[in-house]
Structure formats: C-alpha cells, structure tokens
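What follows is chain A paired twice: with chain B in the first complex and chain C in the second.
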Partner chain A sequence: MIWQQLQSLAGSYPLALRGLGMTVMLSLISLVLGTLLGFGLGILRTGGNRLISGLIGAWVDLIRGTPFLVQIFLIFFILPEFGIELDAFTAGIIALTNLAACFICEIVVAGIRSVPTGQVEAALASGLSRWQRMRQVVLPQAMRIVLPPLVGQYVLLIKDSSVVSAIGLTDLTRVGWLVVQRVPNGLLVFFLVGVGYFIVCYPLIMLARRLEQRMGAAHGEVQL
Partner chain B sequence: MLENFSFRTIVEYLPLFGQGLITTVWLSALSFVGALIVGIVLCAMNLQRGWLFRVPAKAYIDAVRATPLLAQLYFLYFGLPRLGFVLPELVVGILALSLNSGAYIAEIIRAGILSIPRGQVEASVASGMTYVQRMRLVVLPQAFKVTIPPLLGQGIVLVKDSALLSLISVSELTRAGQLLASDRFMPAEGFLTIAAFYLLLYYGLKGLAGVSSRWLGTAGART
Partner chain C sequence: MTKTGLAKTGMIDFRGVNKWFGTLNVLKDITLSVEPREVVVVCGPSGSGKSTLIRCVNGLEAIKDGDLVVDGQRLGDPATNMTQLRTEIGFVFQSFNLYPHKTALENVTLAPIHVRKIPRAEAEKAGRELLAKVGLADKVNAYPAQLSGGQQQRVAIARCLGMRPKIMLFDEPTSALDPEMISEVLDVMVAVAEEGMTMMVVTHEMGFARKVAQRVVFMDAGAIVESGTPEEFFSHPKTDRSRAFLSKILRH
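Coming up: the complex of A and B.
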C-alpha cells in the first residue's frame, strides 16, 4: 500500500519540480522588484515631504493591516473591473511585489533613522548633494540595521508565495494539493512539500541569524 | 470601473459579514491562547541544558519557521484523517494556527528571557533564591515587559493568517467575502468589505499595542 503510494508519488515528481520552479520564480521576481520599490519608498518616506511620506505611510498601513489572501483576491478580481486584464501569474507578482515593498519600506525607514543626524549634517557641511548624501553616507551605514531583517523578509516572501495557489497558480503548495487528490496520504505529501520549502528557506534563515549576530556583535548592540 | 458598486448588496449581506467577523475574532483569540501554551512549553524545552528536550524543540521551531502556514494547514487537514482523527475544519484550523504561532511565540519569549542581564540572575543565585523564586520574582516580571509588544504584533499576524482558514472552508470573515463574490459575482463588494473589517481589527490591535507599550514604558521608568 505504502509502496504503491511511493511509486505514485515518484511518478508525480516532474509536477513537483515545476511547482518548486514556480515558487522560486515567483519569489525571485517579486523579491528583486519589491526590494527596489521598497528602498525607493523608504527613501521617499524619509525625504521630508510631509504629503508623500504620509501617503506612503497610509498605504503601508493598509497593506500591513489586511491579510495577503484578501490582497490577492482584490488584485485578481477587481483590477479587471478597471479594464486591466491580468493572468494569475502577473496578479501574483503584483501582489507579492507590493507586499514585499511595503515591509521593506518600513525596514529601510528604520535603518535610515538609525543613522545619527550628525552624520547627515557633516555630509551637508561637506557640500554633498542630496543623492550623494544618501548614497555615500546614509545608506551604507543604514545597511547594518537593514540587512538582517531584509533577509528575514525574503523568507516571509517565499512563504507568502504559497498563498497565490488560491488563485490557481501551480506552485509547490498547489502541487501538493493536486497530488493529494490522487495519492490519499496527506501526511506524506505535505511533508514532502514542507521539505521543498525548507530547502529554500532554511539557508536564508541561517543567513539572517548570522547577519544579526555579526552586525550586532560588531557594534556592540543587541537587536531583538 | 466600479460604477455598479452596490452598497445595498453589502448591507444585505451584513449579517453574514458580522458572523464572519465574530468567528474570526473568537477563533483568533482561541488560537492565540493555544499558541501561548505551545510557545511557553517550547520555550521551556528550548532553554534546557540537556539536548533531550532542546533539540526537538529547536527542530520544531525551525521546521515551522521555514515552511508556509498554508502547507502546514493542508498537512493537518489532509493528514489528520489518515491518523484516524476526523476533526471539523474549524478545529483543524485553530490547531494549525496555534501550532504555527506557538513556534514564533516561543522565540519571542526566549528573546525576552535572554534580555535579562546575566548579573541579575547571578545576584539572585547569590541571594540564595531557588530556581522558581528566581524565575517568578526576578526574570519573568522583567521579561514580561519586553515580551508584550512583540506578542501583540504576533496577535496581529495571527488574525491576518486566520484568513487562510477560508481555504479549508471555515466560515470566517474571508469566507463571507468569497461567498458574496461567488453567489452574486460581486468580488469588489465582497473583498473590499472584508478588507475594511480586517483593517478595523488591525487598527484596534495596533492601538492596544501602542497603549501597552506606553503603559509598560512608564512602568519601566518607575522601577
């Protein structure tokens, strides 16, 4: 019985590989886009323009305050009403990128605010432009605070990508769901799905921990 | 555009949304209590010196943190019947949320306990306190203060995570939105309304977190 199930599972490994590929691709694309957008939003938010910073803050709060599943449904089902036709993949990318950008924005803001104002004043006094100040003085120092939670955020992003299976994308979780209809052994099937995610996420978790210790130890700070 | 947006339908479905909201609130609350229990047990195991308890607790925490909640939910949903436990979806959902959040709460509590300076523990050992006295009188009261804000944060995460239970057809808030979307083909009305309800919960909990940290902050300044 178990033997048959194992055989049947082995037969569905191409599907599993496709699912894993989809999960990695979704995560990777939205990770890159979300990081860029998140840094942009974070820099804008600390830029001093009240209106822009208020708008970004409100948007971030809206995204942080609603479940990701609801956000996906909103994007997938409501954007078409505005005449924007989306396939599930694009909708998934948009939702994940937006989510990542909002959380990364908060991380970047915390990092930028951690840089002592004296540094910014010194940069001003040296006649650096706004952009130079950000790129050469503030961001390099902010990265120390930003990096560990940023990697942690990537882990969350990979895990959140499982939710896009709800709009029918065949990612790793969806593959498990499909396979379990044929091989009625939920424990085994979703254990294997879990192993798939673990292989992708665990190295990142370890990296985040290492970074946290390194950055914390190097500057004699404790970060919680 | 949304020119057909029908407030009337929303009002018509309001009782359904209300029920969903109430279900979401109490199932989240119950799961949070469950998660606290799981978290405290895991944390106690994790702080042991011997490997017998520490290693399984660490492995569990890592396994939970490195896999998505949805996969864990399906693991229990499709897996428990195989072990002979045929439970209602709602129970499976609460179980999954408790087991998942428990792992995060274990880490929060551990960080709280480890934030107590070693000198304090040494001083209480030197004063001849027993392990229980040390924990009860010195470590835990201080750890409590550090722990409350991130615990409330985890509570917010838990409420949002509970939306996933709609995928195993638990009739909570998100499910109510899905029903409106599929019965009447009104996804905008359904999902925007539940988004508003979730925001209500979010701002409520966030306000609570703000109040508690201010309250704890002043309490901290006094001691």
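Coming up: the complex of A and C.
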C-alpha cells in the first residue's frame, strides 16, 4: 500500500513544484515590498511627528494583535463589498506585505533607537539634513542591530505565507490538501510539505545565525 | 541675514537668555557677547549649566526666552536656517561622537561632501591635510575603535575644521581622556585658537585658559557669576563661589 502511495505521490511531483514555486514567489515579492515599506514606516515612526508616529504605532499594534487568517479574509472577502475586486494572488501579496511591513517596522524602530543620541547630535551639528543623518549616520549603525532579527523574521513570514492557501492560492500547503485527497496518508504528505518549507527556510536560518555571530564578534568594537 | 533690530552684535550674543528643564531654571538671564576671534573659556561646577549654554549656540538645545544671535542670525527666528547656520559652527563633544562605521578620513569628509557639496577628491585632499595637521597623517584609514581617546578627539576636531567654520564650540573636550592624552588635544586646540577661530570652550583646563583665552566665564547654578581675564579670574577671584570652585580644582 505504501508503495502505491509513493508512486502516486511521485505523480504529483509537478503539482508540488508549482506549489513550491507559488510559496517562493509569494514570499519573495511580499518580503521585498514589506522590507521597503517596513523601513519607510520605521523611519517615519521615529521621525518626530507625533501624529504620523501614533498612527503607524496603532496600525502596527492592530496587525500584530489580530490573526493573519482574519486579515486575509478581510482583504479577500470584505474589500469586494466596497467595490475593490482582488484576485487571490494580489490579496495574498497585499496581506503578506502588510504583515511583513508591520513586523519589520518594529525591528527597524528598535535598531534606530539603539543608535546613541550623540551620533545624531554630531550629524546635526555638522549640518547634515534629516535624510542625510538617517542615510549616512543612523541607518548604517542601526543595521547591525536590525539584520539578524530581520532575517529571522523572514523565516517566520515565509511560514505565515501558508495561510494564503485559505483563499484558494495553490501554494505548498494547498498542494498538500489537494494531494492528500488522492493519497490518503496525511502523515506522509504533510511531512513532505514540511520538508518543502524547511528547504526554503533553512538557508535563511543559517544566515541569521551567522549574522548574529558576526555581530557578537564585532560588538566589542562598537563605540558608544 | 536676519535683521535683528539690535545694535551691532558680536559673533555670539546672548541677551537675557533663560532656559528651563521642567521647573529647573538651567540658564538664568544669561547676557554674554563673544567677539569674532575671541576665545572664551566657560567653567563652573558640575550642573552649573555650562554645557547647556554652549549647546544653545548651535541649537542642540532650544532657549525659552531672551535673544541669542549667532553670526548675525537670531535663533528661533523663522527666517533663520538652522541647518545652514550649523555648517558655520563646529562642535566638539566630550565623548567624541565619531561615526564608528566610518574611517577617520570619512568622518572628516562626510559633511564637506554632502553638505558643502565639495567634490570627493578635493574633500579627501583637504581631509588628509587636516588629519596631518592634528598629527594623524598615518591614521587616515583607521576606524574610531582602533584609535585612542586622544586620537579620536583630534579626528573630531579635524572633522569640525573640515567645514571651515566661523565658530567652534568645545564641550569638555578633555574630560573623557586619560591624563597622558590631554595635552595632545589641548595642543591642537591652542593651534586652532592661534589661527583666529572664535571659540567657546567648556573646560577646567586652566593652563589652556591662561594660554589662549581672552576671557574666563564662571557659571554656577545656571547664572554667570563672574567674568574676567584669565589672570584676574585665577589670581583674584571676586566671589566666594568662584574662590570655592578654584580651591577645589587647583588643589591637586
């Protein structure tokens, strides 16, 4: 029986590859967009405008405090009620990008706040504009703090992308659901699904670990 | 240039300046004028407001009331471009505040390249000359973490000079240094003073004050208590508070 199941699984190979491709595509696009947006939000959050900072803070709390599944349903099922039709892929990208941006915003804020005020004062005193201070002085130093948790967050977000199968996107998780209907061995099928995610995430886990070690080693050199 | 409606002013002009931190009156009715090319040493006990005083000059601290006119421009006036004014004022910090991710040369050239828009090659040439001038020709490519405190502070002074400022402010520039490194920094400061820089220096280095300062200002509890030539101040302090202060710092 197991032999038959394995044969049948081998036949699902193209579908599995498509699912993996969808998961990678979704993750890649939303992580790139989410990183850009997250840095933008983080910079604005620390920018000194209380209204903007407060609004971003409230939004980040809202997104962090509600289940991702609920967010996806809201975007996919509720927005059309207001005349905004989205295909599942776009809805998935929007939801994942938003989630990524909110978590990354918090990481960036922590990084920016870790830069000693003396650094900003020195940049201020030499006449650098606000953007120059950010670009030349604050962000390069914040990156040391930001990078390891940022890569760690990527891993979490790739796994969160499995939730988009709920709105019918044929990602790796949904492929699992489809295959298990033909091959009634949930343990085997979802073990393989798990392996698929692990293959994508493991290099990032290794990268995060290396970055942490490098930062730890370099930490003694940081002038405070 | 902002018309201030005031008579001809000095390079730095405090007129009845007050500042509070919460309910604490950290600057009390400060009136002080620093002339072009003048070197003024500000001293006083810890917490007397001397750092706050010079931090007001380049707007790192905002004043509450009174007038502060720097290089003809009134601070807090909407017509005053603070970022522009800051390019004319060098500020040397107690804790150096060099950019740790940039080399000595990059620290010196950052603002000239990005603020003054000087071509990189030209800025680097000038930067190397400045680092040579402060005795660090061989440390051009060193990162701050690879430099001693005294060397870092000399890079910080070169960083200010790179902007060709009209005024330089020093906030306890030698207080964070090991004793054997103090003189190398003071020597550079003396050289800068002798070139005719307008300077306000918060320091307890009385040798420096005697050598280059035209005036010593003594502050206590947010107010200027006494002001005079270094000779007058050190030899014949006029108030009990300045006598008590001097006896403490000159005891060792």
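By our rule, the second predicted complex is superposed on the first by the 219 of 224 C-alpha atoms of A that agree within 3 Å, B and C clash if a C-alpha of one lies under 4 Å from a C-alpha of the other, contacts with A are read in each partner's own complex, and residues count from 1 in each chain.
Definition applied: a contact is a pair of C-beta atoms (placed from the backbone, for glycine too) under 8 Å apart; a residue touches a chain by one contact, two chains touch by 3 or more.
Values in this document were obtained by computation on a predicted structure and should not be read as measured data.
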item	value
Chain C versus chain B on the shared chain A, clash or fit after superposition	fit
Partner chain(s) touched by A:G118 [first = chain B, second = chain C, both, neither]	second
Partner chain(s) touched by A:A10 [first = chain B, second = chain C, both, neither]	neither
Partner chain in contact with A:I2 - chain B first, chain C second, else both or neither	neither
First (chain B), second (chain C), both or neither touched by A:L51	neither
Which of chain B and chain C A:V137 touches, first, second, both or neither	second
First (chain B), second (chain C), both or neither touched by A:Y197	first
Chain A residues touched by each partner, larger count belonging to chain B or chain C	B
First, second, both or neither for A:S126, with chain B first and chain C second	second
After fitting on chain A: smallest Cα gap, chain B-chain C, Å	25
Common interface residues of chain A - those touching chain B in one complex and chain C in the other	222
Chain A contact footprint on chain C (complex, rising order)	58, 60, 83-84, 86-87, 89-91, 93, 95-101, 110-111, 114-115, 143-145, 152, 159-160, 163
Touch list for chain B against partner chain A, complex	1-2, 62-63, 65-72, 74-75, 77-83, 111, 115, 146, 150, 160-164, 166-167, 174, 177-178, 181, 187-188, 191-192, 194-195, 198-199, 202-203, 206
Chain C contact footprint on chain A (complex, rising order)	116, 118-119, 121-129, 132, 136-137, 140-141, 221-223
Chain A residues within the chain B interface of the complex	61-62, 64-71, 73-74, 77-78, 81-83, 155, 158-163, 165-166, 172-173, 176-177, 180, 184-187, 189-191, 193-194, 197-198, 201-202, 205, 222, 224
